[in-house]
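First the structure, which I've put down as structure tokens, then a few questions once you've had a look.
Each chain carries a letter (A, B and C) given by its place in the written order, and its residues are counted from 1.
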Amino acid sequence: MGVSVLQIFPDASRSGCIETEKLHKRIMNLDAVQCGMFTVDCDSYYTTAQTGGGVRKMHIVHNTETPATTYAILDTGSKQVTLSADYLFDLMLPRLDHMYQSKKNLKIESKGAKYEVGDFVVKIGTVTMSGHYKGILVEVEYLPSVTPALCWSLMREFMQSFMGSCVKPTVPPYLQNKFHDVHTPQDTVQQYVEKFNEFREGPTFTGATPSAPSS
Amino acid sequence: MADIRLEVPAENSVLEVLYDGSELHQQPPSMSEHLTQLARKIDFATDGEEIKEEKKEEEEEEEKQPFQQPHWPLEEVRNKIRQALTEVSVLHDLLAVVKPKPPQYMVLDPVQADPPEPKAYIQFLSLKKSLQAAGTILLNGAERLRTSQAEMGRPGRVVGQDFHIELLRLRQNWRLKKVGSTILGDLSYRSAGSMYRHSGIFEVSKADDGPGGPGILSIGSGGASPVAPQLGPRAIQSSLRVTVPTELTGSAYIFVCIKKDEEDICSAQLTSSDFVSGETHWQQKLEKAQNVLFCKELFSQLAREAVKLTPSIPHLVVGNQITATIFPGIHLLVGLCHSDGKNGQKGGSGVLVPGNSGTGGVVVGGNNHGSTTNMAPTSVMAGASMAGAPGVGLGGLGPSKYKHEHDLEHSLHQLLHRVYHHSFQHPLPHPVYAYMGMSKRRRAAGPEGMDKTQLVNMMKEQTLLEQIIRQVQHNFLRLRTMYVIDQLAAEFKDPLIVSHWNAFNSPTRSCVKINIATQGYDSVLRTKLVIHISERSLKCICRDGKIMTMSFEPQELRNLILCQISQHNMAALQCLARYTGWTVLSSEQNVGTGAIEPLGNASTVMLASPSGNKVIGVHSGPHQRVSVMVSSSPRPDFYPSTVVSGQRWENLGASWQEVRHDRMEGRNFLNKMELLMAALTA
Amino acid sequence: MKHEGRSRQNLKVIMAVSHNENIEAALKSQIVPDQEFLLQGSVMDNSLGVLIDRLRGLCDNSDVHPETFHDHEVVYILKDFNAPATPGPASQGVMLRVRRAVDRPDLPHQLRYVGYPELGNYPALLRNCLDVPVSSNVREFLQELGAKLDHEFMAKGYIMKKGRIKVTVFKMYKMGPGMTKENLEPMTMSHLVELSVLTTKTDMSVADDLRALADQLKPLVQLERIDYRRV
């Protein structure tokens, strides 16, 4: 487990397929080895009662990289708490439905191919929300380090090498807050939720069909 | 089919039938009329005088109001309820009178029913029958007591050989249960965690109801009895007999050996071991049978794994033998040797047949399958030679060519025991709400977000065969290392090679420390290195922190130690120079000049005498002998010539002259060098 | 032995189920062990030794001393506290229990949901029961989820097993300010004895084993199915 950074890859053509194909080509030029697929999916639960102050959201995330874990990220508006539990936690959710109910149309996932480039692991994911294509999300993981501060510049350089100028030279805000902390699998998932929320609020490309992940 | 309607035949009663046949029906009663009609039918008093009374009253009433309609529909009902109430009140009063104790005014007597007519004959019969039954039980008991008394009272009967006492002892060590009239025992390791299918059931019976008859008992009653000299070994005759399944009789063991040659990969093995003679004490008999069961399970487990595993060189399972390649040209052979205790020939044929290599050298016991000579089973070799194979019998071949590795056999047993242990020793959950049987790491996997590879590693379990192969590889490599070091130590007396084997080691890891020192100069320098031996590789840690990893080939280790010897000599010489006041002019670990070493590099050292007029140069390589040169300055043979005219040039060193140090005095290289330095200084 | 095998099978199910879809499939085929049979009783402190000796004889691994445990349990109620109280199960909320092993801080916390006892003639109390290993910030999570702390206590005692049956003998201690690990205030003068076994909806045979074990503890402990709604 190293440090992971998420990057939204801008997709001007809004087709998905072409851009992922482009990324695939570029990464293969870096001597990448494709090693399987990955999926990160996120279900959102909202409080049913409106009486108790603001609406609380609970995001249930699964990552195929950590198959034994279910992440429950609670967002009260002011505070975020991430619980990592055994995947048996999924069975607990129906017991909470008097308080929290799933918004089926907000189910969002990022799915795609996984590559290894030396010490880096790159995952190029196509984001779809309830079947509609939303964009491209690239996860870059640097395995030898666990502290973002020690490897950010290296990772930035690597990311710029195949994604170009869309990678900002500044540290992403999420990492900035935990710049000197040890990176955990929870941090990866929290970044996904953050990006998923951005996608949810963004425009939907209804015209495009959900693209198959390039492989 | 015609419809059949179910209807009330006539809805209302007919009032009048007109002449034309049509009927005039009565109008249906209103609800209240209907109720009155029904209520009228209720009679609250149905028996006894009350009715008469009532009738009387009714008559009276009727007399009073002869043709009067009731005032209101329920009047009659009311009347009847009133009567009923009166009656209930009377009954209540009556009960109140009777109730007080002791009764004062009235007593209730039960009504006596007629008693049934007594049938004396039948009663007598049943009485007789039950008495008879009781009598037989008593008689049976008495009979049993008498026989047991008689047995107890028998002369010469050793105390403690009573069947029941023996059974008690058996019960203390073995699991027994009673099924029907037989007593069954359990030999299997199932209660200890085994999953083997064999039931492992034995039967316990009394010795004297067997085919031997009760005669044995009296004969076996003591070795002192003069009538039984031929039954000497049976002197201690147990009154309890155990019958184990035929496939578990005899004795068995797992044969493990390491073979170097590839020719006869499959060969039968049987070394004569202690066979169970027909009559042994049940304890030994059961222990042997259990051992057979254990060996069978162990072997079947190994065979299953050998088939399932797919290494680059596949394992070979033939009959009762498993062959696995551990190093190129080195094989591990695991065999199950099981000999039937009753008949050696049977054991020989049944077990030894598989894997005849066809080389002819190995004779399988199957040759004497047909022979019915009741020969002692220990003579497999004799049997083989009798069958006509000249010279090479199994028994003769086995021990000499293939050494049974007792420690590996022991490790195999240990491994299976560990499997048993693990199948029972699940870690208990903490906190106690956790699932049982889930391992600690699996429980932590979710909250810690373990990734796929970690999870897969967690699930990985090594099979018994893999574990034993690793142990064998290590065992073999350790022995080989030991051999190489010992060879070198014997080969080189200067410097001395001393090895210390660490006493603490694991089945797959051990460690040896090697000291290289020159005799008499131990305090000058000691070159130390540590070699870690694992399964397929050696790791050498030198004193300067260099770590070298070597494969299982012995030549690599040999080369390494040769290099170390050469380096030791040079380093020791430099230390010695310090003590004697000589100056080290230069020292080079890896010289680029001179003859090419087959391996490694030669090294040189140049020493100057305290006054600087003599220089010694030493050249040493791992595979070359040490050469020592001397030069002196001012050179004795300096003659000014036209080219070099100045006298000062005589201070340049003279040409090198080799010292034939093998002819020199001195015990070893350093000693010689010390003498040389002393001579040159003087 | 038979049970051993079966429990391992169940375990394998837990291990094999690795993804969301799979767990739903597992639920459908009813192979997730989420049903618990429970029998409870109590024993006075002075007879504890006798009971432990008896249990050691009956349970597995009698060669080693029974393992002790020291757990801290916090019980939360999750419901809409602002909603007007209406009769019915909805307003009662859900009880969520968090346990951690005080003596083994490296092990994950356990979150437990326990359902209401099933009606019907079962040999032991049958209820839905779900245990999830969770990370240590679970208490904060539950508080943010909207759950309120109901009560907490310490449980200290012994744990043993017989096949699939989990046997716990423990005493509950009050929690309060100034309570240290060594200085605990016991709630009762007796120990609670619990026999429980997890099983699937389809496999009910194990309850008889539970009953058999309970019967062997008579008359030392009277183990019964206790329905808390009737208490």
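As a working rule, contacts are C-beta pairs under 8 Å (C-beta built on N, C-alpha and C of every residue); 3 or more make two chains touch, one makes a residue touch a chain.
Please read all numbers here as calculations on a predicted model, not as lab measurements.
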Greatest separation from chain A - chain, by CA centre: B
Pair of chains joined by more contacts [C-beta pairs], A-C or A-B: A-C
Inter-chain centre distance, chain B versus chain C - centres from mean C-alpha coordinates, in Å: 31
Computed distance of Cα centres, chain B from chain A, in Å: 47
Chain A and chain C, separation of their C-alpha mean positions in angstrom: 37
In chain C, residues with contacts to at least two other chains: 14, 131-135
Residues of chain A touching at least two other chains: 64, 67-68, 84-89, 186
Touching two or more other chains - residue numbers and ranges from chain B: 442-443, 446-448
In the complex, chain B residues that touch chain A: 442-443, 445-452, 455
Touching residues (chain side chain A, partner chain C) in the complex: 41, 47-49, 51-52, 56, 58, 62, 64, 67-68, 72, 74, 76, 79, 81-92, 95-96, 98-100, 186
Complex contact set, residues of chain A against chain B: 1, 64-71, 84-89, 184-186
Chain C-touching residues of chain B, taken from the complex the two chains share: 190-191, 195, 423-426, 428-438, 440, 442-444, 446-448, 459
Contact set on chain C toward chain B in their complex: 1, 4-5, 7-8, 10-11, 14-15, 33, 60-61, 67, 69, 71, 73, 97, 99-101, 103-104, 107-110, 112, 131-136, 155, 159-161, 164, 166, 168, 198
